[in-house]
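Quick one: the structure is below, and I'll ask about it shortly.
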Amino acid sequence: MFYTDNKLQYPVRVDSPDPLFARALQQAIGGVEGEIRVAMQYFFQACGARGNPKFRDLLMNTAAEELGHIEMLATAVAMNLEGAPLSMKEEMAATDRAVGAIMGGMNLKNLLSSGLSAMPIDSDGVPFDMSHIYASGNIAADMTANVAAEATGRTLAVRLYNMTDDTGMKDMLQYLIARDTMHQNQWLAALEELGGMTGAFPIPNSHPQAEEKTEFSYAYLGFQADGSAPAPGRWGEGPSIDGKGTFATGKLQPSDQKPDLGMARPGSGAQAEQIG
Amino acid sequence: MFYTDNKLQYPVRVDSPDPLFARALQQAIGGVEGEIRVAMQYFFQACGARGNPKFRDLLMNTAAEELGHIEMLATAVAMNLEGAPLSMKEEMAATDRAVGAIMGGMNLKNLLSSGLSAMPIDSDGVPFDMSHIYASGNIAADMTANVAAEATGRTLAVRLYNMTDDTGMKDMLQYLIARDTMHQNQWLAALEELGGMTGAFPIPNSHPQAEEKTEFSYAYLGFQADGSAPAPGRWGEGPSIDGKGTFATGKLQPSDQKPDLGMARPGSGAQAEQIG
Amino acid sequence: MFYTDNKLQYPVRVDSPDPLFARALQQAIGGVEGEIRVAMQYFFQACGARGNPKFRDLLMNTAAEELGHIEMLATAVAMNLEGAPLSMKEEMAATDRAVGAIMGGMNLKNLLSSGLSAMPIDSDGVPFDMSHIYASGNIAADMTANVAAEATGRTLAVRLYNMTDDTGMKDMLQYLIARDTMHQNQWLAALEELGGMTGAFPIPNSHPQAEEKTEFSYAYLGFQADGSAPAPGRWGEGPSIDGKGTFATGKLQPSDQKPDLGMARPGSGAQAEQIG
Amino acid sequence: MFYTDNKLQYPVRVDSPDPLFARALQQAIGGVEGEIRVAMQYFFQACGARGNPKFRDLLMNTAAEELGHIEMLATAVAMNLEGAPLSMKEEMAATDRAVGAIMGGMNLKNLLSSGLSAMPIDSDGVPFDMSHIYASGNIAADMTANVAAEATGRTLAVRLYNMTDDTGMKDMLQYLIARDTMHQNQWLAALEELGGMTGAFPIPNSHPQAEEKTEFSYAYLGFQADGSAPAPGRWGEGPSIDGKGTFATGKLQPSDQKPDLGMARPGSGAQAEQIG
Amino acid sequence: MFYTDNKLQYPVRVDSPDPLFARALQQAIGGVEGEIRVAMQYFFQACGARGNPKFRDLLMNTAAEELGHIEMLATAVAMNLEGAPLSMKEEMAATDRAVGAIMGGMNLKNLLSSGLSAMPIDSDGVPFDMSHIYASGNIAADMTANVAAEATGRTLAVRLYNMTDDTGMKDMLQYLIARDTMHQNQWLAALEELGGMTGAFPIPNSHPQAEEKTEFSYAYLGFQADGSAPAPGRWGEGPSIDGKGTFATGKLQPSDQKPDLGMARPGSGAQAEQIG
Amino acid sequence: MFYTDNKLQYPVRVDSPDPLFARALQQAIGGVEGEIRVAMQYFFQACGARGNPKFRDLLMNTAAEELGHIEMLATAVAMNLEGAPLSMKEEMAATDRAVGAIMGGMNLKNLLSSGLSAMPIDSDGVPFDMSHIYASGNIAADMTANVAAEATGRTLAVRLYNMTDDTGMKDMLQYLIARDTMHQNQWLAALEELGGMTGAFPIPNSHPQAEEKTEFSYAYLGFQADGSAPAPGRWGEGPSIDGKGTFATGKLQPSDQKPDLGMARPGSGAQAEQIG
């Protein structure tokens, strides 16, 4: 169950409204690296968490935090849109940019659909699609997905931080970057509790590896047209990271099987020539 | 540049065609955990890789492998669909299941759109959306995304393996599970080359951490309604996983700022009551 | 800012797990009439609310409630999935249905992607798309959208209630139906505060109606091929509902303008025959 | 069955072609507030209308009108695109804006995909998704959805009207705004025929309210972290709008149930640690 | 401008309602091969047609026809859904199929979202996406897209015809198949008017072929890993179909260029190791 | 099975990086007319090809070629993005365009999501959706879909060629345009092998035409509101293109059937007024 207090988690200040930066911030709301994604991902992972309940608690607690981040960013978007022109006449009165450059550079939906407010869309106006909520029912797979989400999330926040000169916006982003630092570490720590590299991997660790084709389990195979080996690296020699094998390098021999589906069945809508 | 040889990477055999299992296999083609996703993700990461070219080579080499996995699975889907009924009359002639259970249990598009062939859709008929191709321009973020992709991918392959009794299909899945084992290890090895936990994290490691709000960088904060701390764990104490801080546990004090956008502007399409 | 307490808003009990009902419940989570939709819609409307702050508070308070509804439903989905078969062997052991009828009737992603947990998808496995979050920047338009959302939401809840015999599920749905009753009334009450039918409409009420083509503002026009009037009703006579006009019935006279774009420009990629 | 006469419903005139305004107009074609949406929504509601056939007729008649609106807007988009540059050279020859500002401000698909013609996309180039067609099988729910669609539709048309100085475009929009005025009134009138606030609500009115948890049906509940009541208003006291209850204000007591799914099943793809 | 007469273009009769066939018919409404697609494609092509106006008329006339096809199919879907169970109790009373086979085999949205009516979705419940409306601004490209649309459309109609035993449904499909026969021929005839194979191709025929790399314009190139030529055929020898060249068969020599983006720029969010 | 050699199929050179042209090129990668579409379409058609195996080989061979085109274009996008500003400060230092015109004219995701690299999105930032992969199981329908894909593909390439002045980019596009010329001819040649106009059409040619309503099979029907015939042309007289009938022109007489679904069933969620 959730509660709110109508306060912002961290202060949001915009010194100089910039509609183009509003557009950029939309990526942190509705982009695949954004806050809706992590809020909903942790939420659904929590709802499906089986086993030790502490992971459910950790996930739902962080989901609550991320909801507050969406709220902060949505406020920041609306504040940056305050100065947007509503008409060509207003655009022409803004002297520091060429005619059309402000409106043309905005997500027009931020004006036309939402009346100068934030939307669950990315920086090019594409709505967020909830298929990006990875909640696998495997707690270790979920943790790796979360590390990945926070890695791209912090990368995005850093790019936004580098893009703006607004000290208010920079201050807010410094906070969000710090939280992403923590969250990357937090999910890595959870992976450590789950056994770390050698205990949790290969995910899922509940599958008996003896049943897989073990000759392919730690082989770095080349798919180079001339049969050469691809770039060498840690992945081609030495003990495997999961501690359960030794990396080898090789080249796959294709099977002799040429895929052949034969003729089509009558009544299947194929051309007459395809039907046996 | 790419080449093909019209052979299957590993033999695909179906002992007893099963249209419902064809539907399940579609998840491994067009699901977010599937092979189109990894093939295209590694492909686009390779195309955008800057810095040491060995990562580009590693990525594109593996993309070529994954393209062959799509081909294998698409062949397996078509072979499992061979026995599907094309009409109610055929359905009724199939004696081992109730009328309607086969057709009703299939993705109907596998019959109606593709004529008993594979499609780039998931197990519920939803087409794959390329927004799932994570290629961030940050090589370490890409590697974490790849570990996550292979973790969910191997989990899916294991579930498919557990679902079927067909020895041909089990054999093919044993191969794919083994490759997912390797790929999880491979991307973890790449992360190790990039500095491992303490060198690569927090991602991006090129951002000067002094500029972030460091008091929040390693703090495990509670968002519990009653002010209590959430579930304790490795994430709340001890050195941080990235080796750059020490975990602490606390509770966030909200800012005093209540979000307030004030009145709407005339001409912005708001109600009269909202306009100042 | 948001908080959680890891308790369910209302008890969730499943007497007899039913994977098909789990699929149906998914519509109430990730369908366009579902709880993600209302939670996020009220959230974003709150974040963009300008003018009297009481509407922001009302919206965000209700958003918090709806988040708890998602949590309840996600728990219900997972509980209904408990009895789902993981393999054909398990399916065959379940004696009360035909082979394939359970698995074939499920959203397979609820097994293959989430390991028997809820997902942000609808009852046919389609992920929720955030373009359904209507937050227009016009508070009255938002309220009408909310009435519509709760009308379809309660209709869905009633259909689910009628579908199941499980007393636990019926109890939970009785609660959700009651809340939808309240929410329909709540948004209608907000419309009343905004002036009701004659004060709030036509939305937006800030546009000077003198500037619209008033001869078309209250005319019920027929588009019947034989020139006859369509079905008569309240919409064709008497005072308009907004109190600002009188309904009339007529037939539109098309303009004489035949749309004609002329020839295509050289270099525009048209066929030679199209280029002037 | 449908017929056409190749004439425009109302004249479309563009005095000064503006590619950026073409982009804005796309929102009124393919945006969620646009004309495809209402045309198809009324069409599908008509096709599924059960009960008194006059509602089917009303809906299909208005669908025919809205198809003509798409045609008008598509013509307007193409006419506004007439002056778009096809090359950097042409762009540089246009002297009133900065290089790149015209092309950069357009939907590039309006040039690259459609050769300076309209598309079923919104103002940021996102294609219309037919999941926005609300046709619920409940005639009152449909009418509320239609009021909401016309409320956002008229808000959009007003914003477009405010954005442009082109007298031809303003004239066309004055017509469309007037029709939206009528359509808002028309669907409200239909709701009145269906019993109005007290007869039609709560929707669906065919569900026996005695079966819902009536103690929650008219209670305005607070979800404030500190237990305080949220903003007071008409929704918290007095008779309910549907005339069937009395508003009360309170605070929800969470259930004691902590969601707990227990351990995962063997073979479900969970980590070993999650399996009982 | 459009008109309607509330009559069906061709009679729609269902002898024995079948909810599974209703699901199959949805593909012909909202599938990518379905009637919404062709109706809207011809509509938008008409709206963007430049050059000889007879193509606009032809297109819009056929769009009007296709709108009537959607109406017929939507009626057929609703009629087939008449017998669908609304509850498990009703399902159990239906004796000719296993419990769960009917509901599990339906698109549940046809019950839960639309109350036993048609929706703009395909046979697996996926909503139609308007990005499938191909309207290129090149009249010959449009005609080829239309031939393709009608080819897949008629294939689908034939599959539906083969699937059912219902004489009413078979009769309706015989009509739709015949119209698809005509429409394939109609668009081919339009291509003939546009110059046929040698006049219209390569599309666009307005591009001066001398500016393309002509040594690659009619060469059938092999991309076989062992350097062998792929399957021979008409495409590898003889005059080209457009009459402007001669087919030759060869093997592409890759360029010597290895793609290399060099180092990443500081501030671009890359890892430190990628930055020069 | 697939192989790579890490070389570009044809040289990619950018003389003067242009972030706006990078955006335009994205259409050729992730647009519906782009290279992902053809690569994956030929791939899936090959995987589902039944009958004469030479078509499978032809398709998969061309799929391999198209994968190389994606690689070329992705490289071109990244090279054009090299000069993009990362911050407002950098933007202001670029003197040849107005402030905001470069960033505002870009797909911001090319900066924020991918760090100046290509993505599987179109020129307005919309991700490619794999529902555009037409693979019908009917080889002739597939070939017509391929002609259509290459027709829109070459039209797009010509538009890009006309847009830029960069000689490197023009050279690359001359190559791609030539390949599109070949591919249009190649698929037309395959249609010729399948019997050409009179042998392959109407598609599918395996359906006995005697079972369709032949009086409608070659009739050009008018749907004009005033009953007049639409624009005359080759499609209204003379032998049909498929050689199996004679075109006639007429006007459809609607059926007498008015669609009427009657009353709604109790328990279906309709309003009380709709229930019989």
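Note that the chains are named A, B, C, D, E and F in the order they appear, and that numbering of residues resets to 1 at the start of each chain.
Quick note on the criterion: contacts are C-beta pairs under 8 Å (C-beta built on N, C-alpha and C of every residue); 3 or more make two chains touch, one makes a residue touch a chain.
Predicted, not measured: the structure shown is a model, and the values here were computed from it.
Looking at the partners of chain B and chain E together, the chains they share are A, C, D, F. Using the mean of the Cα atoms as each chain's centre, the chain most removed from chain E is A.
Taking the CA centroid of chain F as reference, the farthest chain centroid is that of C. Chain centres here are Cα means. That of chain C falls 10 Å from that of chain D. Centre-to-centre separation between chain C and chain F, using Cα means, comes to 32 Å. Between chain A and chain D, the centres computed from C-alpha atoms are 28 Å apart.
Counting partner chains per residue, chain B shows two or more touched chains at residues 1-9, 32-33, 47-48, 53, 56-57, 61, 64-65, 68, 71, 75, 78, 86-87, 98, 101, 104-105, 113, 115-117, 121, 124-127, 129, 131, 136-138, 140, 152, 155-156, 158-159, 162, 203-204, 207, 223-225, 252, 254, 258-259, 261, 264, 267-270.
Viewed as a contact network, the protein chains are fully connected, with every chain touching every other. Chain B meets chain D in the complex at residues 155-156, 158-159, 162, 225, 267-269.
Across the complex, chain D is touched by residues 1-9, 30, 36, 40, 43-44, 47-48, 56-57, 60-61, 63-65, 67-68, 70-71, 74-75, 78, 113-121, 127-131, 133, 135-138 of chain E. Put simply, chain E touches chain F in their complex at residues 1, 3, 5-12, 32-33, 53-55, 57-58, 61-62, 64-65, 68, 71, 75, 78-79, 86-87, 115-117, 126, 129, 131-132, 134, 136-138, 140-141, 144-145, 147-148, 151-152, 154-155, 158, 161, 174-175, 177-182, 184-186, 188-190, 192-193, 197, 201-204, 207, 209, 211-225, 230-235, 240-242, 245, 247, 252, 254-259, 261, 264-265, 267-270. The touching residues of chain B, when paired with chain E in their complex, are 1-6, 47-53, 56, 86-89, 98-101, 103-105, 107-109, 111-113, 115, 121, 124-127, 136-140, 194-195, 200, 203-207. If you check the complex, the residues on chain B that touch chain C are 18, 20, 23-24, 27, 31-33, 96-98, 101-102, 104-106, 122-126, 152, 155-156, 159-160, 162-165, 223-226, 252, 254, 258-264, 266, 268-275.
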